[in-house]
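In this document, chain identifiers A, B and C correspond to the written order of the chains, with residue numbering beginning at 1 in each.
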Amino acid sequence: MNPLVYRKLPLILVGVLALGLPLVVTSPTYLHIVILLFLYAYLTTSWNLVGGFAGVLPLGHAAFVGIGAYTSTILSLQYGVSPWIGMLVGAVIACIVGVIIGLPTFKMRGAYFALATIAFAEGIRVMFENIDQLGPLQINGPRGLQIPPLKTGLASFMFAEKEPYYYIILVMLAGVLLLTWAISRSKLGYYLMAGGEEPEAAQALGVNVARAKLTAMAMSSFLTAFAGTFWAQFTLYIHPKSVMSLDISFEIAFIALIGGRGSIAGPVLGALLLRPVSDFSRIYFGDKLPGLHLIIFGVVLILVMLFQPRGLQLPLTRIYHRVMDRLFGDREAAA
Amino acid sequence: MKILELQKVRKYFGGIKAVESFSLDVGEGDIVGLIGPNGAGKSTLFNCVAGVFPPTAGDILFLGEKINGQKPWDLCHKGLARTFQIVKPFASRSVLYNVMVGAFATTDKRSEAEKRAREVLQHLHMDDKKDQRAGNLTIADRKRLEIARALATRPKMLLLDEVMAGLRPTEVDEMVAIIKRLREGGMTIFVIEHIMRAIMALSDRIAVLHFGTKIAEGSPQEIARDERVIKAYLGEDYGAA
Amino acid sequence: MLFILEDTINGILMGSIYGLAALGLTLIFGVLKVINFAHGSLLMVGMYVAYWAVLLTGVHPYLSLVIVVPVMFLFGYLLQDILIKPIFKAEKDVREPITVIIVTTGVWYILDNLSLLIFGPQYRNIQDNPLRGKMLEAGEMMISVPKLWGFCAAIITALLVYLFLQKTRMGRAVRATSLDRDAASLQGINQYKIYNISFGIGTAIAGVAGVTLVPFFNIFPSVGVLFDIKCFIIVVLGGLGSIGGALLGGMIVGVIESVGPQFMTATWTEAIVYGLFLVFLFLKPSGLFGVKYDW
């Protein structure tokens, strides 16, 4: 057998497992947790386009989630527009907002850039919390919007069971991972990496660093907004604190950092490691030891930054390759 | 055909006159050297040409077009490439990756960029190191990588900023050979250098900068005998040699 | 009209306390060049230390400074030494290690939730303290007495920090390190020791701010979050590393918060503060008094 297949085997296995998961995990609670896990994996992978590839630290991505969620919800509640179309509209708006934010902020140094993104995100959230009505659009301020569960089915992006949501988010996640992989091998990917590591050298080599970063930001915000619509259709209730809070922005960023930003698998790995910790400690310790999951989160954050600042994907990938060599090395040598 | 024309270029930083009314022509296929004591303004001049900052006054023409104040990445696409005095490799990436960044300047396709990058590496005898991490290279190899990257952008002119600094004598000789080979391939080269042996061996013409002013220009032999140059480097006592 | 004057004065007083809170941050930011996202949590710790000190000993809140300042200094010193110094050593060539931001965020999460775990979520305050609810009558205006005390504490602390930086040997070492850490270390200054001390001082100042808040502000585990972003905004507004800037920036924010609700909802004033912050970031990132920071 072609030795290359041996390397790809685990990925194929993972794919099969993912497709078959709902057949094994039937409890809606656990499926809900897995769906949220995939959602966060999707969010951090989209974030990674700016935070990892472009080398900056944006800490306000929840704003794009909110824009996506509110756009599709308002369009469907008030104008009967299908959430799928609303999803696209929301993504376009988020993309424009992302570029507007990026234009002045990418010139700033790391710390100031991070602060600026926080300020933008919080400013947007505060506005949403204050506005009840914007012209004909009903925003409802802090009370938020509720989506009545009327018609179910693919067209209305609303389902009674969890399984369809699972497959949708799975497809989204696979798509964004594929896109990330393609970008990493493309001119944009090379330019982003170069601009992030040595901007002066990159510029001398023909890289318009600012434009590359803006392109990455545009893509990232576009994709992040999709998740906002998914969230709205999944939980059927959105309000500024639930879709635009700073906690979400931070969690997205830190999952990527712990997993290893700038790599393709890093963000997903981070989500796989941290989300279960967060969810399970909330379920089991929620009443007796509130906030424990955040303490664990904080400790993990510190330990990883002190000992593996490039993320856990580095040592994990090394172990993976060593295991693969151990298992299939002989056959590869013989082939 | 004049590739680069510097016409009365001035660069002031506030009250500091870094470069004062500097004029120079570089013809196609020339190797022109720029020397001068430290702080004379050589890198400042390079940075003006390369688009890092615009000159305060005067004109810089590249291929007949005025390029004052244009951005480095646009200049790169026009055919002007440069290396940096303090090398800036993309340290966490492989040598091939580094050169591919340069190669992408002329193509959008990854396969083409990779092909071009490998050609350049072969031309500079670095093909065997293509998968090595750039940060792990010796200083001599890093300097060659700088040139390789710049070369991958298919420039019409190369600005080499102290490419020999930090190299051992044998490595200097190798580098001189590489640069000469580049010129044989049709490249125009403008070099800043401190290592006299190298610049004397390479250059068709040398310009000497002292406190921002050009004090001499001519063939290497003429420069070596020029009284003002000797005074600038060694001081007054040696002037009348 | 009189209300606006009263609001303005109270806004200035409260703002000076904000400025005091931000003073510690501007010192840390200015010297170490890092964002300390845990600053709000340090303030919270200071408040809890002051709270317990007063509760257990029954002294005047401001007397608890005797305990709070050294405890906080030590806390900050150790925090920097154990958690942040290793990163500085590992990322020696990076001018602004982003990793530190993440570590301080971890500290923030841990501190806030640890105190939630230990102290519980309930709001606490010191009911019968000599300053609570006291008002000073100035004509027809009512000036808040605890805030007035805070104002004085802010001015005095700022002066002490200024004198320290200008007149003492250690202070000059701190300033040197903030300008160029490599040059300073070549002059024989142990940059890591300076970082530890700066962090300690910054934390101690946060402790002082906590003490000024304890007489009238509620104490609860996530109280730091309210101040965290605000402090960063003030630091940028006032100028990185500028003492006067921190106080002035604080007062500006305080006045906006105080006078604003006369004309709009409280959350819109929040939006204005963010907007002002962004304007400064884009147009004058060095703030009102900061040194032109090389981008």
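For this structure, a couple of remarks:
The criterion applied here is as follows: a residue touches a chain if its C-beta (ideal position, glycine included) is under 8 Å from a C-beta of that chain, and two chains touch if they have at least 3 such contacts.
All of these numbers come straight from a predicted model, not from anything done at the bench.
The minimum number of touch steps separating subunit B from subunit C is 2. In this view the innermost chain, defined by its CA centroid being closest to the centroid of all protein CA atoms, is A. Across the assembly, the mean Cα position most removed from that of subunit A is the one of B. When the C-beta contacts at A-B and at A-C are tallied, the pair with the greater total is A-C.
We define each chain's centre as the mean of its Cα atoms; on that basis subunit B and subunit C are separated by 50 Å. Subunit A and subunit B have CA centres that are 44 Å apart. Centres computed as Cα averages put subunit A at a distance of 33 Å from subunit C. Those residues of subunit A lying in contact with subunit B across their complex are 185-187, 190-191, 193-194, 197-198, 200-209. Note for the complex: subunit A touches subunit C at residues 57, 104-105, 107-112, 114-116, 118-120, 122-123, 126-127, 129-130, 250, 254, 257, 289-292, 294-295, 297-302, 305-306, 309. Of all residues in subunit B, only 50, 52, 71-73, 76-77, 81-82, 84, 88-93, 97, 100-102, 104-105, 108, 110, 113, 149-150, 152-153 touch subunit A in the complex they form.
In the complex of the two chains, the subunit C residues touching subunit A come out as 29, 33-35, 83, 86-87, 90-91, 96, 98-99, 101-103, 105-110, 112-114, 116-117, 121, 229, 232-233, 236, 265, 267-268, 270-271, 274-275, 277-278, 281-282, 285, 293, 295.
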